[in-house]
Every structure is written in C-alpha cells, then in structure tokens.
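Residue numbering begins at 1 within each chain, and the chains themselves are lettered A, B, C and D in the order written.
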Amino acid sequence: MPSQTIDSTPDATSDAGGSRQGASVSEINLGVVKDLRILNEDGQVNADLEPNIADDELLRLYRGMVLTRKLDVRMLNMQRQGQMGTFAPGLGQEATQIGQVYPLTSKDWFSPSYRSFGAQMWRGWPIDQLMLLWDGYFEGFAPPADVNDMPFSIVIGSHVPVAVGIAMGMNYQQDKNVVMVNFGDGALSEGAVAEALNFAAVYKAPVVFICENNGYAISTPIEKQSGVDHLVRRGPGFGVPSVRVDGNDILAMVSACSVACEQARRGEGPTFIEAVTYRMSVHTTADDPKVYRDDAEQTAWEQKDPIRRFELYLKSRGVLTDDDITRIGDECEQEVLAGRESFRERSTANPHEIFAYMFESMPPELREQQAEYFERLARKGLSEPNQ
Amino acid sequence: MPSQTIDSTPDATSDAGGSRQGASVSEINLGVVKDLRILNEDGQVNADLEPNIADDELLRLYRGMVLTRKLDVRMLNMQRQGQMGTFAPGLGQEATQIGQVYPLTSKDWFSPSYRSFGAQMWRGWPIDQLMLLWDGYFEGFAPPADVNDMPFSIVIGSHVPVAVGIAMGMNYQQDKNVVMVNFGDGALSEGAVAEALNFAAVYKAPVVFICENNGYAISTPIEKQSGVDHLVRRGPGFGVPSVRVDGNDILAMVSACSVACEQARRGEGPTFIEAVTYRMSVHTTADDPKVYRDDAEQTAWEQKDPIRRFELYLKSRGVLTDDDITRIGDECEQEVLAGRESFRERSTANPHEIFAYMFESMPPELREQQAEYFERLARKGLSEPNQ
Amino acid sequence: MPQLTMVEALNLALYQSMDADDRVCVMGQDVAINGGVFRVTKGLLDKYGERRVFDTPLAECGIIGTAVGMSVYGVRPVAEIQFSGFAMQAFDQIEQNVARLRNRSRNKYPVSMVIRTPYGGGIRAVEHHSESREAYWAHTPGLKVVIPSGPRNARALLQAAIDDPDPVIFYEPKSVYRAFREDVPDESERMEIGKAQVVRPGDDITMIAYGAMMRPLLEAVDDLVDMHDVNPEVIDLLSIAPMDTESLVESVRKTGRCVIVHEGPKTCGIAAEIIARLNEHAFEHLIAPIRRVTGFDVHFPYFQVEQHYLPDGDSIIEAVNATMAFD
Amino acid sequence: MPQLTMVEALNLALYQSMDADDRVCVMGQDVAINGGVFRVTKGLLDKYGERRVFDTPLAECGIIGTAVGMSVYGVRPVAEIQFSGFAMQAFDQIEQNVARLRNRSRNKYPVSMVIRTPYGGGIRAVEHHSESREAYWAHTPGLKVVIPSGPRNARALLQAAIDDPDPVIFYEPKSVYRAFREDVPDESERMEIGKAQVVRPGDDITMIAYGAMMRPLLEAVDDLVDMHDVNPEVIDLLSIAPMDTESLVESVRKTGRCVIVHEGPKTCGIAAEIIARLNEHAFEHLIAPIRRVTGFDVHFPYFQVEQHYLPDGDSIIEAVNATMAFD
C-alpha cells in the first residue's frame, strides 16, 4: 500500500480543543479509510501498489487458492452423494481466505469461523481431518499439535472476544505475536463482536479482525444486516484502524493483512479489515439460494473470480503457463483425493468418547453416568475400547 | 443549530463507485459530526446558534434543573441519615437530563437509566414515588398511568434494545412518535447497546440515543472504557446520524434533542447524541470517588456548572433576577419537602405483594408457594391484607 | 382433515394467528424471504408483507430486546431464534426484560410475545445445534415454557402461546419437524398452556416425557406392553412451566412407580424437578425410586454418535424394567 | 491466627495466589484502582501493577470472552462479574466457550480460569443485585461451581479454584462478606473442590445448605437442639458442581429425613437435584418426604421486603419439625 499504515481516526486533540473553547459549533472529523484494490478484474495490476512478492511465493499463494477450490468442489460433491455432513462451501472466497493467513508465522494464532477450510489447510490442518470435522467426528476439531489455531467457531461471533483475549495474553506475556480472527458480514451485528472491537482498542491488542463480507448471512443481504453502506465504517467507531479491501484480489489481501500484522507486532494494536467478496455457492448444503437471490447477481460476480484474476496476472507476469495451471490443478486434485482416502480409513466413530475431555479428571457423578452409558452401549454390542 | 439536521455519513455512492472501478486505492470519507455548544461557561450565548425559546419556557427549563438539584441534595441527605436506600445522584447533569426530555410530547416515550430522576420528574413521576423507588418499595417502579415511560433500568444497557423495539412498534403502528433513551458512557461498551444502534439504523426506528458521558463508569474513566477520543464516533460506525453536545449547556441540549426528535418524526430514523457532562458527586452513596479521582478535577468542572451558566444567561437576558433565583429555589425546596412528606406517609412495605404481577393469572404452583409464604408471614404476625 | 407434518402445522398456526390479529408479527433471522431455515415461516412474507414479517440482523439479544419493546407498544411478536443454542446470546434480555417487565412495571407493561426456537438432537446437525436447555427457562421466574410433541398439539399450543398475555418460550422438537404426519383440523385449535396430557392410561408405572422424547417413549411402551407385560400410564408434559403437577401426582399416586425421560442434561433438569414434586406430593405412594432417563452432563456430541447419546427405546425399557423389579 | 471477614479472606487468597504464580491476573469492572465495589481486590493494583490487575470496559461478554482467550494463551485470569445477575450478559461466553473449549479442542485448550461474583440477597441492594442462579451453572456441563460459607473456607476454596485446571464459577455470598470474622491461618490453604463438609454430626435429620443460607440454618439448629430436642446432621455443600453425592447419601441413609435450604428459585433449583439423587441412592432409607426451603419462583423482591422472601430460621425450623413429625 502507498503509505504503509492503516489508520482512520485523526488525532483527537486537533478538534477536541476547538470544541471546548467558547460557544461554538465545531466539527469533529471522523477521518477516512482506504479502499484497496491492486489487481482489477482483468488481472491488471496497479504498479504503484503492487507488493513485492517473489515468484515462488506468488505460486504458493496460487496453489493455496486452487487447493481450496478443489477441496470445496470435492466436499460439496461428497455431501451430495451422502458421504459428508452438512457443509459450508467457500467458493469465491479463496483470495480472502489465503490472503489473511499468508502473513502469519507459526507463532501467530488464527481463530476462524466455519467457512475457513482454505485458511485452515494453509495453517496446517490436514485435509482428512477437515473432512472428519464436517462429517461429525470428534477428531475433526482437534487443532494439530504444532498449529496455534482455535477450532473453528460455529456460534457466530462468539470466538471473537476469545481471539482478542489471546492477543491480550500476548501482551501479558510480552510476546510479539499476532492473532488473526475472521467472521462474516452477519457476525458483525453480534454484540460480542462489538465488545471485542472495543476491548482490542482499549488494550491495543495485537489482533487483526477480518470481516469477510460475502454479501449474505444465509438469505439476509448486507442491506438488511446493517445501516452502513460499507461495513468498514464500524472499525473507526471503536477506534480500531480500518481498511476496506477487495477480497477477491489476493495481492490486496496480502498487503493489507501484512501491514496490519506489522502494526500489531510493533505494538500499535488492532486493525479491522473489511474484505469485500461474494459467496458464489450455497450458504450450506442445507440452503437453496434460488429462494432469495437471482442467478444474474451470481453470474456478475463470476467476472470477479479471485483465481481467474490471479491467473491472468501471473501469466502476464510470465510466472504461470497454461500447462502449469493444468499441472497444479491436477496436483491439488490428487492431494484432495489422497485426503479423502485417509478420511475414509479414519472415519470410524467411537461412541465411548462422549465423556472424554469434560474435565482434567472426571468427577464421580460423571463416572456414574458414563458407566450407565457404557452398559447401554454394551447392550447394543458396542464393547468398550481398551483405554 | 446552523443547519437543522444531524447527519454524519456522507452519501455512499460517491466513494463506493470510485473504489469499485479498476485497481486503485481510493478513500472512503467517514464524514464529520458536529460538536455543539451554545452557551459558554460564562453564560455567553452564541447568537447564531441561540434557539428561539420563549421566556416562560426558558424559566420552565430553569425550574426543572433547580428542582432536580434540590431533590438530588435532599435525597443524598436523607440517605446519609439512613432515611433512603442506596442512591445515584445526578449532580452536575441537570442540563443533560432536562434538555433531553424537553422536546418530548406525552405521546412520546422515555426509557431512562437509573441516574435520571430529573428527567423522570419532568415527565410526570411524582417526587414521593421516586423516593419510594430508591428506598426499595415496589410502587416506585410503576410508571404513572398517563406517562409513557419505562421503569428506569439498573441493568446497564439492557433497556436500550427494548427502547428501539418501542420505536419499531411506532413504525409498525404507523405512529409519528419518538422514543428517547438514555445511558452512560460505560453502557456504550455493552454489546446490547451496539445491537440496538444497528437495529435502529436498519429499521430507521424513531429513537434518540442519549449517551450521558459523565466521564466515569463508577471508578473507570472514559479513557479505559473506550478506544475513541469522543464517544460520538460510535454512532456513524453504525450508520446512525450523530452529534456531540456540551451536556452542561441546556440550550445546546434542547436544540440538538429537538432536531433529533423532528428528524425521527419525519421518518428519518435514529440519532445518537453524546452529551458531554460530569458526575459532580459520588457514583452512588456506596461509592467513594476519593479513591479514584482527585478533587482538582471536580473543582475544575464546577466552573462548568449547568445551572450557574444558565442563570448568567437568563439574567443577562433579563428573564431572571436574584430574587427570582431565591424564590424559585425556595419553591423547589418546598416541593421536595412536600414530596418527602407524602413519601413518609406512603412508605409502608407490603410483604404480601411479592407474588403479584408475575403473570396475568397465577399458576397453581405459584399459588401453592404463595400460601406457604403467607403462612410464614402469619407466623410473624403479618396478616394478609384484604385484597 | 389434512395430514400435516409439524412444520406444516406450525406454519398453519402462524397463518391463522396472523389472519386473526393484525398485531401478530413474525421476526427473526431468515424468517421472511427464506421462510425460515426449516421453512416454518414459509409464505408468510408474501401474504402479510414486510411490515409483519421481517428478517432481522444477526443478533439474538437485539431480536429479543426489540421484540419486548414492540410488545410494550402493543405489537405481538413471534420472534424466532434460529436454534435454541443461540438463545444464550439473548439470555440477558430473556431473564431481565422478557421475564420481568410485567412485574417491574407493576403490571403496566405485560410482555405478550412468543420465542419460537428449534431444540434437540437427532438430525445430524453441526456442533451447538442440538441443545435442549429448557431447564434454564423453567428455573427463570416469569416465563412460560411449552414443548409440543406432534403436529396437532404443536399447532394448538402455538396459537395458544400467541394469544397468551405472558411470554412463552416455545421449543420445537426439530427431529419431529418432518418425522410424521398427523390429522390437523382446518379450523384453529387452542390447548390450555399448563396442562399435561395422559396419552395412555395404565396402572403399573407412570412414564413422563415431552417433545421429541415422546417418540422413543411410545416405542418403548409398545414393547413393554407386548413383551414385558407392563401396563404403563403415559403422560406428555406439553407445558414445562407452569407444570401440571396435579396430573403427575394423581398418576403416580395410582401407579407408585415412575420413569421420566428428557434429552437435556441430567443435573438440575426437568426430571429432577418432577421427582422433587412427586416426593413432596406422592411420597407415601412411591414403591420404587423414580428413574431418570436423560441426556448426560456432557456436551451434546458430534453427530456421528448422537444416536447413542440420546435416550432411546432400549434405555427407557431398561429403566422401566428396573423400576418394576424394585420392591 | 488473624480474625478476618470473608472480604479480607478473599483478598488474602488473591494476594497469595498472585504471589505464588505470575500467570494469575485479576480483571473486571472497577477491580483495579477502586479495589472492587466490595473491596475484595483492594490493594492488588499497587502490589502487582496494571499488567496483572486491570479494569475492563463495561461489557461482561467481553470480560469473560477475553479471559477465556488469555487462559488459552497460558494466563490464569480471575475475572470478576460485579454482581451475579450480570453474568447473564456473559451467558453465551460461559456456556459456549468457558464450559466447552477443553472438550471442543479435544483437550488442547483447557480453560483454567475463575469467575468470581457476589450473589444473593440481604444487603438492601437495588433491583437485579440479589439473584442466586447457581442452578444455571450446575445445569451447564463443563463447569465447576463453588460457594463458600465463611472466611476460612472462602480463602481455601478460592485458592483451590485458581489452581484448578478447569473453569470454576465462584459465587460469593455478599451478605456474609462482612457479617462475621473467623480465624484464617496465615499460610495458604486449599480445600478440595467437590467435597461437602459435615459441620455438625447428628442422627435425626440431615440439613443441607450452602453459602449465605448456612447462617439461618445454623441459627435454626441451635433452636432445634435447645427447644425442639432434635439432633440434626448439618452439611455445608460448598461445591455445587461437582456435588458430593456420596456424603449426602451417607447422611440421609443414616437419618432418613432431610431438609434442603437455598436462596435461589425453587423450580429446577439445587434442592431438586439433591432430592433426585437421594431418591435414586437412599430411597429405602427415606422416612419422610424431603422438604425444600428455598426462594420462591418470583423475582427477587425490592429490598424493603427481602427479609421476608429469604429463608430464615423460622421457616427452616418449621420445615424440620414438619419433617420430623412425618411418619
């Protein structure tokens, strides 16, 4: 970005002073926020804004987006064939997803909402585990040992104060790490998210809020969700430096999120990022968008496809050929299929596990209930695993 | 006010358009909010801003503020003598209190927080009832038959969504009334208030939010409460037109609140008003400010006393003489004492009432509990009133 | 009489109550154009328009709080919480305003509103979508809590709840939504809130359940009658608060034995309260300890194993036989 | 040994646990410079500084949510909710994150934190400041709920709660805060969470209470012994969840009679759960119905009449005599 900072709230004293002397109607300037796009829909780059990213890194980003889409399509397909539970596709949000986690180190934390398997894969969640998760197995929720991520949140907004708390913990321990937390346009209406924004501002917590504005909360369009034209206005209202980003532009996402992370590491506190994108698919496999939006709108957004756009850029930059596109596509497809294989091998439910991990040590009243439950299972011929 | 409108969010299209074409970093202007003061601390008026209020109305406002202070002093005094329960004084907030309810008609609604007995008296709550309320009698909470007010809220922020709902009810019934709701600087941190602001904006509810910024939430100063220099910034973040007002300036309060009410009646929706004032006294009679703030700060604010300031203005305008000041003071004092008399007559607790008004008709399980309870009272020699 | 599913019956109830009273409105997440994620509010927007049927922002505390305000102003909101687990986001509003406003305004502002919400497990839903925490509301003074078990009583109870001058938490057993059809008369019906129903008279043991648990219970009853030669009296609670203590006591005084089934956690659940009341009012008649077949004090499990967690016919039969064997 | 009030004892516990472990921090509304509205956190800011003792914005959901996050990052927050009635504002965080995170992260992120909050009536407080809704938390899987009754067990239980690897809701009986002094040893003490205490052995009847209700109960005991020649066994529950069922059962198997006292609403309260467990584990030994002396299913009354609402010695004696008379 031209100026390497995200800030929106002009210095207080300037106007506060004015209004406090004599009788007057002075004005308080609410400031401005940037609205960032680097790649346009035809893949043309704005040279002044183009971030300096090495070719192999650009390809890594591209691969991450392609892998995300391949998994998306596959899981939808599996669900339609009854091989997968209710699932929330992220079709069209690949740049938003990969762009937000790109700047994170393994010491940083990531707290996603449920529509985030792309970012989760990037962070190190194995494909088979994400499949287990969506197909209703306990194991799915367990963050891999070496990954500083929270299990994704299904309760809209409830993870956001917790993410701010992790960032407050970093300040407490004087670590220079960052928390990245994402949520949707609908989630921004939850009081918990408002309280989280305020806490982050008050404690200068090193947290980056990614509001993935994909146009809808299930059937509810953004116009019915909020009284502002641009959700980015919410951040400055809490004193959180904010920026609006074209969420289908991977370069814009990467540079905005990188700046936000650097600011956080420098102790400058939180950033709020509105990533403007579109949910190209169903809300979940239980949803039918035809009921509430027309195809025309969807088709219009196909022109803004984040992967297509990035491909055009990479090709014009000479980093990517049509053969590469095919090869990478196949590699990703194979990776997904391999994941599905191991998912199928691992997918055996263990009903004896439902009493596990309630407390560090199980209190007597729970032991009693567990015994009763195990008897019930035994009557069904389900014997206790030797544990 | 110079322009008779309160608005802060500039038209969307202007900038939204810009940012959507090509690759660019455009800016979204967050707009400006007005910071209004009409009477300065020496009672000098800004002629351009001076609202056109008839002399007798000015005196009515003055009397309301004096009565508020007299009651305040008296109740504090009663509490110190053990004649009153824990009580939350409003010393120094008289202009904020009276200014916000002045524009309301009897058809309009008022939903106050607990530090609002001044506004409540103006709205028609008898003094003896307010004393009953603070001294722990049921009757205190009952809104007088002809008064469209909610009982004051002690749970910070929880009344604000309800107030917005009343305004939504007005839209539903196609009535052109207004809801005025007040809360403190601390309350603004509650998620419930954020959700209420958003609902008001989305449904263009005819509600006016008065945030009485008196500098503290108990011991917590505004700096620790929020990340913004001015709380007024919160409103535009939700798309609610907002204005900051000197809450110790009755003329500014009256004109800002009047404009907000007119806008609401015209169907233009909600307004958020930050009224900047100061809590000159204890948080409640259980609180000791010496623990968390020094007298110097308090003394500084004495210079900004809303009543003193208004007196200077009224005298310079030739509406008020020193004799008037004494006379009005005495009248108000007498009114308060009369209220105390009737409070003393009415203050007999009725323990049999605790089962009343739980439901329209009492279910059997409650009848059974009530019978048991009445027996308990009977054993104490408290016989059932013939009802 | 048309054969309707519970979803269709609830939908019919809303049509009929909205037809009868312009004050009745429907609000919540995705209730308007989408007709609700379970389609309970389907078609209402087309018929009654945006004034009376509207989507809300994604904020439960805001939904319930504004619904309270509308009811204060004379509207009668039927507010939907998309899944009962998310009512926790509105707990403050429910406890502090919905349940209290009549009382704290000394009867000036009664809160006549309904909070509709699907509860319970059994539909392979994702995490946090299968809770049954009706006991929270039963423990909260000032609320009525109603849980239908089939299409016909669902329609009649929802209409009664909408008419009720006090707030009603209306829990809808989502596993029953489309599970079976039932004759539902065309004309409006009302069932009295606060009354339980003896759905099968018997002498040996009293079996009590409500909502989704009526189905495994009735399965168990068939087996018990056919194969174990037990003659149970079956009571569908229908109204959790107020509770029809009298009917329960009467039955247990006759049978001397009792098994209670619910899906929610065991500790401080509805069964505990029923046991306490039976202990108070039928002590001398009790022949055996009253048994609870309930959810466990654990989080509702992910869906691959939910069927094991939920009380089923087998576990109910087991409990009844143990209770019958006791003396 | 110094004679301390409960406020002083809790304050001492915080000093000692903060001294022992740099990870322990204190957060909440007005806990820092003000030392808490009841002065439980007095002086901590001076000694441990703003990093470890800090005021929060006025937002309970934010307080609890951020405390969970801090605990995930290895801090051990002792978060204060200024009055227990306002925990409703954080109900979502408590139920969805505090209680569940260990489980839903499959043991990776245990939540070791304490939620301290004053509960109950008896201090002439304003509306909404006198609730006792411990049953909400007891009904919520994944939480521990502890309620001390005096200065010494308050200090020992708070230190145990802070050490506990799982989340503990710590209800402080505010009417006991300054009601009396007790010897509290200088050196740290711990009491095991989950264990009840037999504070008076006896044979005739088991009397169970906890927190603020131990005082009227013990008053009643004196009268019962002196004037009614009853020899009660008295149990202080101390830990509501997990509950020491074994001790309760053992006592009632001996006495055959039982009265349970609590302040919170009757329906689905703690007493109901105790009755259910005694019914399951001591049925054959019960001579009389177990009686509940509890708050009623109404809103806590305004303070002029609160003393009539609260269980008192007289109502407890009445219940014990009625229970003794039964046969």
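Note that in this section a contact is a pair of C-beta atoms (placed from the backbone, for glycine too) under 8 Å apart; a residue touches a chain by one contact, two chains touch by 3 or more.
The shown structure was predicted, so the numbers you read here are calculated from the model rather than taken from an experiment.
In this assembly, the chain whose C-alpha centre lies farthest from chain D is A.
Ranked by C-beta contact pairs, the top pair of chains is A-B. Taking the mean of the C-alpha atoms as each chain's centre, chain B and chain D sit 36 Å apart. Here the spacing of chain C and chain D, counted between their Cα centres, is 31 Å.
Taking each chain's centre as the mean of its C-alpha atoms, chain A lies 40 Å from chain D.
Chain contacts: chain D has residues 57, 59, 61-62, 85, 89, 92, 96, 103-104, 127-128, 141-142, 243, 267, 296-299 touching two or more partner chains.
Residue positions of chain A touching 2 or more other chains, listed in rising order: 138, 141, 155, 158, 189-192, 195, 198, 202, 224-226, 358, 365-366. Against chain B, the residues of chain A that register as touching in their complex are 1-2, 8-9, 12, 15-16, 18-19, 22-40, 44-46, 49, 189-195, 198, 200-202, 224-230, 232-240, 244, 249.
Listed in rising order, the residues of chain C touching chain B in the complex are 25, 51, 56-57, 59, 61-62, 64-75, 92-93, 96-97, 101-110, 141-142, 144, 165-166, 194, 242-243, 245-246.
Interface residues of chain B, counted against chain D in their complex, comprise 85-86, 114, 135-138, 140-141, 154-158, 186-187, 189-192, 217-220, 224-226, 286-287, 291-292, 349-351, 353-355, 358, 365-366, 369-370, 373, 376-377, 379-380, 382. Listing the residues of chain B that touch chain C in their complex gives 138-139, 141-143, 150-151, 155, 158-170, 172-173, 191-192, 195-196, 198-199, 202, 356-360, 363-366.
Within the complex formed with chain D, the chain C residues making contact are 85, 88-89, 91-92, 95-96, 99-100, 103-104, 127-128, 133, 135-136, 138-142, 241, 243, 264-265, 267-273, 275-276, 279-280, 283, 286, 288-292, 296-299.
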